[in-house]
Amino acid sequence: MSVTELFEVTDKVDQTDLQLGADGRLRHLLTMHGLDRRQITALLDEAELYLSDIGQPVIRTDALRGRTVANLFFEPSTRTRASFDLAARRLGADVLNLDVNTSSRKKGESILDTIYTLQAMQVDVFVVRDAQAGVPAYIARHANDHVSILNAGESDVAHPTQALLDLLTIRLHKGDFENTTVAIVGDIAHSRVARSTSEALVTMGIKELRLISPKSLAPEDGTVPLQARVLHNLNEGVRGADVVMALRIQRERIGNIDGVPGIDEYFANYGVSHERMKLAAPGAIVMHPGPMNRGIEIESSLADGPNSVIPEQVKNGVAVRMAVLSTVMKSRATT
Amino acid sequence: MSVTELFEVTDKVDQTDLQLGADGRLRHLLTMHGLDRRQITALLDEAELYLSDIGQPVIRTDALRGRTVANLFFEPSTRTRASFDLAARRLGADVLNLDVNTSSRKKGESILDTIYTLQAMQVDVFVVRDAQAGVPAYIARHANDHVSILNAGESDVAHPTQALLDLLTIRLHKGDFENTTVAIVGDIAHSRVARSTSEALVTMGIKELRLISPKSLAPEDGTVPLQARVLHNLNEGVRGADVVMALRIQRERIGNIDGVPGIDEYFANYGVSHERMKLAAPGAIVMHPGPMNRGIEIESSLADGPNSVIPEQVKNGVAVRMAVLSTVMKSRATT
Amino acid sequence: MSVTELFEVTDKVDQTDLQLGADGRLRHLLTMHGLDRRQITALLDEAELYLSDIGQPVIRTDALRGRTVANLFFEPSTRTRASFDLAARRLGADVLNLDVNTSSRKKGESILDTIYTLQAMQVDVFVVRDAQAGVPAYIARHANDHVSILNAGESDVAHPTQALLDLLTIRLHKGDFENTTVAIVGDIAHSRVARSTSEALVTMGIKELRLISPKSLAPEDGTVPLQARVLHNLNEGVRGADVVMALRIQRERIGNIDGVPGIDEYFANYGVSHERMKLAAPGAIVMHPGPMNRGIEIESSLADGPNSVIPEQVKNGVAVRMAVLSTVMKSRATT
């Protein structure tokens, strides 16, 4: 039975069972699916404790002193890896950064043997990013009982810590979710951010969630919550929204999208701009998961302007990752 | 005089003199050759102090606080590098990870100038892996008096910390060496593991040591201890053994080995399997230095089964590396 | 407006204003230009506090505890990166090492978005090396108020921490600058070391500064201080000098230099050798910024001989970088 075959069998219900221990506590973070409002709120509440003003020394604890966190990035990423790295170190953990492409995979060592080896070295948490769907759950299913797996971006399927940082950012600016309308704009079909954030927003009781994309980049059935309104007109999507989130589009896709032959046309139709934001609610905020294609999915000066909360998203990202690390470690202490 | 020429002149007696200071204490760890039973036992005893249960916080000390360890891997390795990295950090050291292929060698800087530079930055210990024989001893001969060199894998010549972790694993399971029979199976000719572990087992007074390989992969004269029995039949080799250690074979070699035209035939003749283990002594353990070629030199389910101590080897590896680091640092304190 | 265009507009006066805060304290370190004798002396004095004997534990403080330093090397470097890394960690900082070529630049993320992202993660100091002139100042101009930028080597324009370590080394050996003659030899035209060190030596009131090179590698007008004597004869340059510093020459340049057709001829005319050092003042020291081309710009045995202070330069490099890190962090504390 090959590793590839095993990756296929994962479904959302399995993952929910897998990530919550028998006591219902968070043992792994694989997906936003199956986390309830109370659990998400507890993570956001803890994350807030780790926020300090830019320029001030960061909040540090010894919650993970004597613990080891391994960043296993099978897909390159500066920002997410740095965010997890800093989160773990600010909790006192030792951090191993392993770029697996350039080392043991060369020797034909399988993913699982890498995990078995590292858990034998008493690594406690694996932060996993992979371009292939199913890898984090596959690892969680096979790792030993004392190990936690955190999904740091999985194909176009899930990116749960991104969802948490988006939620924290929205909560800090809008206070609650029940009175907030969120518009997510761009390549919804291929976006793990859109999927995880949509799922979490619906769980939190968001007033209205709109997913706006060209028709050829609309989500397939079952990949986003039923409560979401799928739209193809950006004006309609932005009108009255409290939060407008632009998604990164891969440049290679532009030109291959039906009805969007070039960058200029993509920006004209689906770019989040000052002009477009006039349609949004007063005080609406602009978000982007980064890295941005300035001038394509978002107007550059808007990203740097007063309504942009993009740098706050990054800052909140470290805080939510600290909260997740601390939470999964606490769940272990009781097992 | 080129660096390459200098590498040639190293012999085992030179290395023994080099690695033990004038007071007979361990200053470098280059080879198992010349270490006596008392010295090896002291290292294993100290390593045991660093073992804690999987899932519990690791043992940490401040023995290397204020010290700097540089991992100089001229040959890629995830596992050995991670093991030394964690060992050093769990003793409180600062660790520099340098992948030398991708940086200063580009500029034509020689190995020695890299060492001179790093020792001037007050690096205390160099952990060196190189595909070329003689490099660790060459560095030890030229580094300044306050620096220790640890061999982390040297061509097909030596891998002394692997030998120590193998010994610790055997001692923990079998209690002593005098009543234990060890069978090492596979590509003996090219295995630095076989050489270092054989040498150490004989020093410790192993009851019987068997080295089993295809004829074309048998050890050359003088590369393994005289006490070892060199065999070519796996059934004979495994019969009554208390420990069976499979070695990694490079896939490229299979098909080029006399009498072993393919993978299936290699596994049939030299693969360590459940079937073969029936011939071993009751309670025999299965070992492998990793990374494994499952289904080639070892049956996959055997590697994950109850007789396998492969994950313990990895865990013990961190502990013996902590013991080695602490020991060489103590030897310096008295100079 | 492209990033490349912006890089062009930097001049030295701008950089001076930029690197000193409104209170005249050092906020960034971009260039030696504009630093006065008092400021340089204060940095050297602090650096001396961080020196300990080789083989002894290094000096450590908690001055940067809770602070994060990011090494952003857009050009590879083992030694300078390791030096900054150790300097930051010995002050208690968390260090992020980012090799930007292999990660987010792939995704088309611009330098500034990398900076914006990392400063949002509460990185406090960016150590920047880039092959393109203007990058450190460009970043300093756009980073937020609480961030410091340290130039770790900028095209052929500036390398201020190298200048500081050269000054510290000279001061430790010669006591002062007013009675010291310094000869810098080699590829002056392309050397950021020659530029920054020359500038700093003149500020400190050096008795005489000589820059010796083939005519085709002489400095362009305005790139070195007016007080420097530009020479083309090495005997004349070395005669009576207290300090002789050889510069690295790129091997590709040799053969393309007017009047220097090959390596042997380069060494004969511009190599710093035992023979040449006989012309220098008694007790003259030999320096090199590294990495060395032994046998090209410097005689190998001279580099390892008693007059060489090359390893001390490396050691002093860590100390001056600790002083710079500590100084820029103190300047922030008052803003």
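Here are a few things to note about the model shown:
A, B and C label the chains in the order they appear, each numbered from 1.
We adopt the following convention: contacts are C-beta pairs under 8 Å (C-beta built on N, C-alpha and C of every residue); 3 or more make two chains touch, one makes a residue touch a chain.
All values reported here derive from a predicted model rather than from experimental measurement.
In the Cα superposition of subunit A onto subunit B, the rotation angle, rounded to steps of 5, is 120 degrees. In this structure subunit A contacts its sequence twin subunit C using mostly different residue numbers, the overlap staying below half. The distance from the centre of subunit A to the centre of subunit C, each centre being the mean of the chain's C-alpha atoms, comes to 41 Å. Looking at subunit A, no residue sits in touch with two or more other chains. Listing the residues of subunit A that touch subunit B in their complex gives 65-68, 70, 94, 96, 98, 100, 102-104, 106-110, 113-114, 116-122, 124, 144-146, 332.
Touching subunit B in their complex are the following residues of subunit C: 52, 54-55, 57-58, 60, 76-79, 82-83, 85-86, 89-90, 251, 290-294, 310-315, 317-318.
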